[in-house]
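Structures are listed in the sections that come next.
Here come two complexes built around subunit A, the first alongside subunit B, the second alongside subunit C.
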Partner chain A sequence: MIRLHDFSVRVIAQPDRLVLRSLHLEVPAGRRLGIVGESGCGKSTLLRALTGSCGRGLDVAGGTCEVAERDVFALAEPDRRALMGNVVALVPQGVALSLTPHLDIAAHFRDVYSLDADGAHDLHDRAAAMLTEVGLPGAAMVGRYPHELSGGEQQRVLIALGLARDPEVLLLDEPTSALDVGVAHDILSLIEEEHRRRGFTLVCVSHDLGVIDRIAEHVVVMNSGEIVEEGPRAQVTGSPEHPYTRRLLAAAPRLGQRHSSRSLDASSADTLVEVTRLTVVRSSSARRQLFGTPPRTTTAVNDMSLQIRRGEILGVIGESGSGKSTFLKTLCGLLAPTAGALRMAGTIDLGARTSDRPAEVLARVQMVFQNPDDSLNPAHTVRRILAPGRVGRKVAEAELVRLLQTVGLGAAFLERRPGQLSGGEKQRVAIARALAQRPELLLLDEVTSALDVTVQAEVLATLLQIHREMGTTMVFVSHDIAVVSSIADRIAVLRHGRLVELGDADAVIERPTDAYTTQLVTLARRG
Partner chain B sequence: MTDLARASFEPVKFAAPGRRRAWLSVGAVIVFGHVLLAIVAPWLPLQPVAKQNSGAILQGPSAAHWLGTDNLGRDVLARTLFGGRPSIGLAVASVVLAAVLGFAIGMVASLAGGWVDEVLMRVNDVLLALPSLLVLLLVASFIGRDSGVLIATLALMYAPPIARLVRTASLNVLTRDFIVAARLRGASRRELVISEVLPNIRGVVLTEVAMQFTWILLAFSSLSFLGLGANPPTPEWGLMIAEGRGYMTIAPLPVVAPIVMLASLVLAVNSTVDRSSSDGTP
Partner chain C sequence: MNTALHVLRRALLAIGVFAAMAVLTFLGVEALPGDACTSLLGRAATPEKLAQCREENGLNEPVLSRLGDWAGDLLHGDLGYSIKRSAPVGEIIAPRLRNSLLLAGVAALLAFPTAVVLGMYSARRRGTKRARAIDTTGLVLMTLPEFVTASVLWLVLSIWLPILPGVTVLPSNATIAEIMPSVWLPAITLALLVFAHVMRSMRASVVATSSRPFVDAARYRGVQERTVMRRHVMPAALPPAVNVMAVTAAWLLTGTFVVEVVFNYPGLGRLAVDAISDRDTSLILALTLFGLAVFILSSFISDTVTRMLDPRVRAGLGA
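Up next is the complex of A and B:
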């Protein structure tokens, strides 16, 4: 069904730079192919190429790319369109950006069905039938707008749109990124079910080995524009031959695979932060309004009590909306508790906002953020980020270099700006910036979720090393139970703002007591 | 496939970067030339700007008068070159003041939020809604026409768009995580504004300020044209157009010359700004 022969794609502005390097690939009809690789490996470009377009600033450097026995780049535009309309369907990445906000769901289907001779005839019924097939309440859904749908529902609509013309080839780009674990699991089940029913050829691209492992029968591993390994799923994930595949597999976090040294005797450790019956109510609009309706409020954290022990890594797990970010923001003073108390080292009140905290209290609690692109000021050099206001003072130089070395970077990084750093390097600089304040409590908010698996493993190792050497207490928040279990001493599970489970990491993973935790652990084991 | 997904698959052609940078330098050279001429005009070997010659009125170009003479026999070239001095000087002073004012208002509004923001922005909206030329006419008629009053009024009338832009741009920056990080290390408000926000909004704000400069330039020239800006016999472009328009059919140069100067300066500023803002570099 798909045949690539010596296929290469290059950057137009730099003809020497190949994004895809002489790929050879054959996919028989009906097969489920998974393409896995890290960001920048060319997997999305390959998927785009199958639709007969390379994307911005790229063009074909050589070779052929055949879909359904037609070379898609040799086709005239009307023929290519016909092929894309009837034979190939693409479900794009990024659910939020892939539906047009001002059009209702029916209008999206009108677009798809307009290629038919009978046009938009009985559009609503056909759309509703498709939506029902993907597990949505079809008739109720057609009149709704994208913003009224949850992420999982949007993804289902996109799949329904892709399947609407009964394609022979379905291309999926990162079908589960940005979805909560449970929702992602359901989406993958849906794709499997549709494949069984319709028998299309499936090409699924993902950075997540778990997704590929689950959905594909044949796996292609890509690295810097090349196919480094290809074979049946069991062979590639079971006994990989290429060193890159092995690294990729080793880096993927597994449940209960702990890197932590466990030097701490948990029972004797004293309490660093005592959280007593913490409740945080947040309003929907952060800015107070002079006119207009009062903002709606939600209880983001509800009656939560726990202790953060000195020197431990406390893992906090929860899906979006569980209150895990609110908890962190309250700890560092960005939000004020509505009720309850936060005490540090017995005496310091952490209920105060940042503006009310004395400088030495501020420095004690530092935070590292989720999005590496957002957490460093793009206008500043690393030197200025690490030592604001102290630029040019010679005394700081050795200290800054030592700080960079602590996070696995070197003095060469001091004069660089965020735009010249990779995602992993940005996060390391952000960690160094937090450490520069010599904090007692380091808050880590999904710090690795935007990173590739191999980079994630490196950053986690760095964090553990810092923990070993400096003994900093850390709160590590993530939606990924496997990542948390690999680093945390204790795990807290949040759901809808409530603490549903808290205990030693091993105990929570091996013998979860709460039903929700059990579900999370089960999904993580399967994926 | 949805509209958006399909749109992103359309091949995009990039304009050759070299050609567009050349356009930037053409605009910048014209702006630079204007400023230079306005500064050095008194040292150029020109005829005296106010010297009248009743024997040689409304003449065409000659060796003595390269651009001819106006209705009072004054040298058009000298008057045109001197004519930029009041306009550019006054516009620069006003736009600097407007920028400072707009930046302060926008920054305070975005940092304070709440009712402070509401009040400042509603006042801002009222000022935006007033036709600036009308306000200038009233001020010039009833309060006075000296440059101090005009600069203050122009600054006040052209600060609101800058304030609005500064507020929007800084609100965008203020929600980002590096601002939170700065708060967590105890950065003062001054530090937040100067070292965290300002470097990230400098580009857009400078662009807006440059655009406002051209509007102020045109507003002042319009005011002079209406007889409420520069005083005769001061050479000023708007005033020259007003004085020469009655004789335009006999001698077009006294009108055309200042128009060319005014238009070329405005176009050059706009094209420079346009180029640099789409470049992403201030």
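Up next is the complex of A and C:
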């Protein structure tokens, strides 16, 4: 069904730079192929190439790419277009951005069905039937707009649109990224079910070995534009041959696999931060409009009480909308509590916003954000990022170098700017910036979720080392229970703004008491 | 929020803005040195004659009471009386408003559809010679001052190839048929001026929209290119261009002083220039308020179009 022969793709502007290097691959009809690799390995380019187009700025450097007995790059443009949807359909990554915001769901189906000979008649019935097949209430769904759907519903609609004309090949790019674990699990089940029902050839690309392990029969591992390993799933994930595959497998966080040696005697540790009945109500807009309806409000954190112990790593788990980020932002003063109290070391009121906090309190609580691209000023050098001069503590030259060493970077990085750093290096700089203030409490908001697994493992190791050497109290927030369990001493589980479970990491993983936590643990074990 | 409520809210807001601006304008004109009587009498003004004129025209009343009278008249649709021109302001404005609408309408019809089509073309074929030629031409036209464009057009179309009259010699109340030949030159000048603004915003908007993920997503499930452009790209690309078009249309109605003076076209622009040099306060007031109303209306229309095009704005979520 799919046959690549010595297939290479290059950057048009730099013909020497190959994005895909002499790939050989054969996928028989009806097979489920998984392609796994880290960002920049060429896996998405390969997927796009199967539709006969490599993407902007790229072209074929050599070899052939055959899909359903057609050399897709030899096809005339109209023939290639006719292939898409009919023979090959691709569901791109980025669920939230892949549906056209101004069209309702019926209109999405009309555009796909209007290509058929019988046109778009009985459109609503056909769309509804297709939506029902992917597990949505079809008739109720057709008239709705994308922004009215949840992420999981949007992905179901996208899969339904891809399958609408019964293609022979379905290409999925990161089908579960940005979805909560439970939802991701359901989407993968749906894909398996559709594959059984329709028998198409499936190619699924993911950075997440768990996803590939779950969905593929045959696995391809890519690195730097090359296929480094290929084989049946059990063989590749069970007894990998290539060192890169082994590294990838080792880096993938596993539930209950702790990297830290617990140095903390939990029972005797005193309380650093006391959170008492914290409630934070957030509103959709900062001000009320003239003659307008009042802004919508959501209770992001609801009546939450817990203690952060001095010297511990407290892991916080929750899906999107659980209030985990709001909790962190309130701790560091970016948001104000609506009710309840936040007290640090018994005396300091953390209910104050950053603008009302004295400088030394600001220094004592530091936060590292999810995306270093947003949180580091691209115009500043690392030196200026770590020691801005006007704000915060003065940092001596020798200390700057020591800070960089602490996060695993060398002195050479001082004069670089964020644009010259990799994703992992940027996040290390962001961590060093927080450490420069010598914080007592370090807040980490999804700091590894934008990173590749191998880089994630390195950053987690760095954090643990900092914890061992400095004893900094950390709150580590993530949606990924496996990542949290690999670093945290205790775990708090949030759902819909409420604290549903709190306990020692091992206890929470081994004997969860809450139904939601049990579900998270079960899903994580299966992945 | 439903659309009727939204329209009502916007209307109330517009009326409030209009009323506040009307009062400010009145007080602003009041603060200018001189009044209708000094302007009417000119050099013949003596203290006695001025006092008599002010007495006859009620200019000695306190400011607030005159503001009240003026506002009351305005509510009844009476724009006031021009002492200088010895005629009701409404009668002076009406025929010129018609001429200005004609001029702005022709200019908009010449400029907007061409600009939207060429903007889309240039966005889709960016990098090609033809697209670059279109972009450069637009840029040159945009930067040329209107009196230069006007003079060149006049030289070519009126002197070398005498197909269009260069200067209007008609009274403001001539019939549309009589005035039509005189519309072309100023209308083409205006169209060339505003064309590039609309085209460039359309181009930028189509380029930005084309790279949004949902466009590729539609292509990847096999939607035809024509449909992708018409139904996925265009409705998302239009709002910024509609915004520019609305502001431009308002400007075409109110800001065309230079072109009207160059071609001696009897529209509101020339009237405004005359009214200001004459210190014809009631006329200045009326024209200012008219301009204000045009801008409020155009932004209302562009908001409404945006709402129609984007369900997220309708739901109050912001785009």
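Here are a few things to note about the model shown:
Just so we're on the same page, the second predicted complex is superposed on the first by the 514 of 527 C-alpha atoms of A that agree within 3 Å, B and C clash if a C-alpha of one lies under 4 Å from a C-alpha of the other, contacts with A are read in each partner's own complex, and residues count from 1 in each chain.
Keep this in mind: a residue touches a chain if its C-beta (ideal position, glycine included) is under 8 Å from a C-beta of that chain, and two chains touch if they have at least 3 such contacts.
Quantities reported herein were computed from a predicted structural model and do not represent experimental measurements.
Legend: residue contacts after superposition of the two complexes on their common chain; A:N86 is shown touching subunit C, with no touch to subunit B.
By the document's definition of touching, of the two partners only subunit B reaches A:D374; subunit C does not. When the two complexes are overlaid on their common chain A, residue A:L334 makes contact with subunit B while staying clear of subunit C.
Looking at the shared chain after the overlay, A:Q366 reaches subunit B, while subunit C stays out of its contact range. Once the two complexes are laid over each other on the shared chain, residue contacts for A:H147 go to subunit C alone; subunit B is not touched.
Once the two complexes are overlaid on the shared chain, A:P388 sits against subunit B while remaining clear of subunit C.
When the shared chain is aligned, subunit B comes close enough to touch A:G57, but subunit C does not. After overlaying the two complexes on the shared chain, residue contacts for A:S114 are found with subunit C alone; subunit B is out of touch. If you count the residues of subunit A touched by subunit B and by subunit C, you find the higher number for B. By the touch criterion stated above, A:L99 is placed in contact with subunit B and with subunit C alike. Shared interface residues of subunit A, touching subunit B in one complex and subunit C in the other, are 51, 84, 89-90, 92, 97-100, 103, 111-112, 158, 161-162, 290-291.
For subunit C in complex with subunit A, the residues that touch the partner chain are 1, 9, 12-13, 212-225, 227, 231-232, 235-236, 309-312, 315-317, 319.
Within the complex formed with subunit C, the subunit A residues making contact are 51, 81, 83-86, 89-92, 94, 97-104, 107, 111-112, 114-115, 145, 147-148, 158, 161-162, 164-165, 171, 290-293.
Against subunit B, in their complex, subunit A makes its touches with residues 12-13, 48, 51, 53-57, 84, 89-90, 92, 97-100, 103, 108, 111-112, 158, 161-162, 287-291, 332-334, 354-355, 357, 359, 362-363, 365-367, 369-371, 374-380, 384-385, 388-389, 430, 433-434, 436-437. Touching subunit A in their complex are the following residues of subunit B: 1-5, 8-12, 14, 113-115, 117-119, 176-178, 180-187, 191, 195-196, 199-200.
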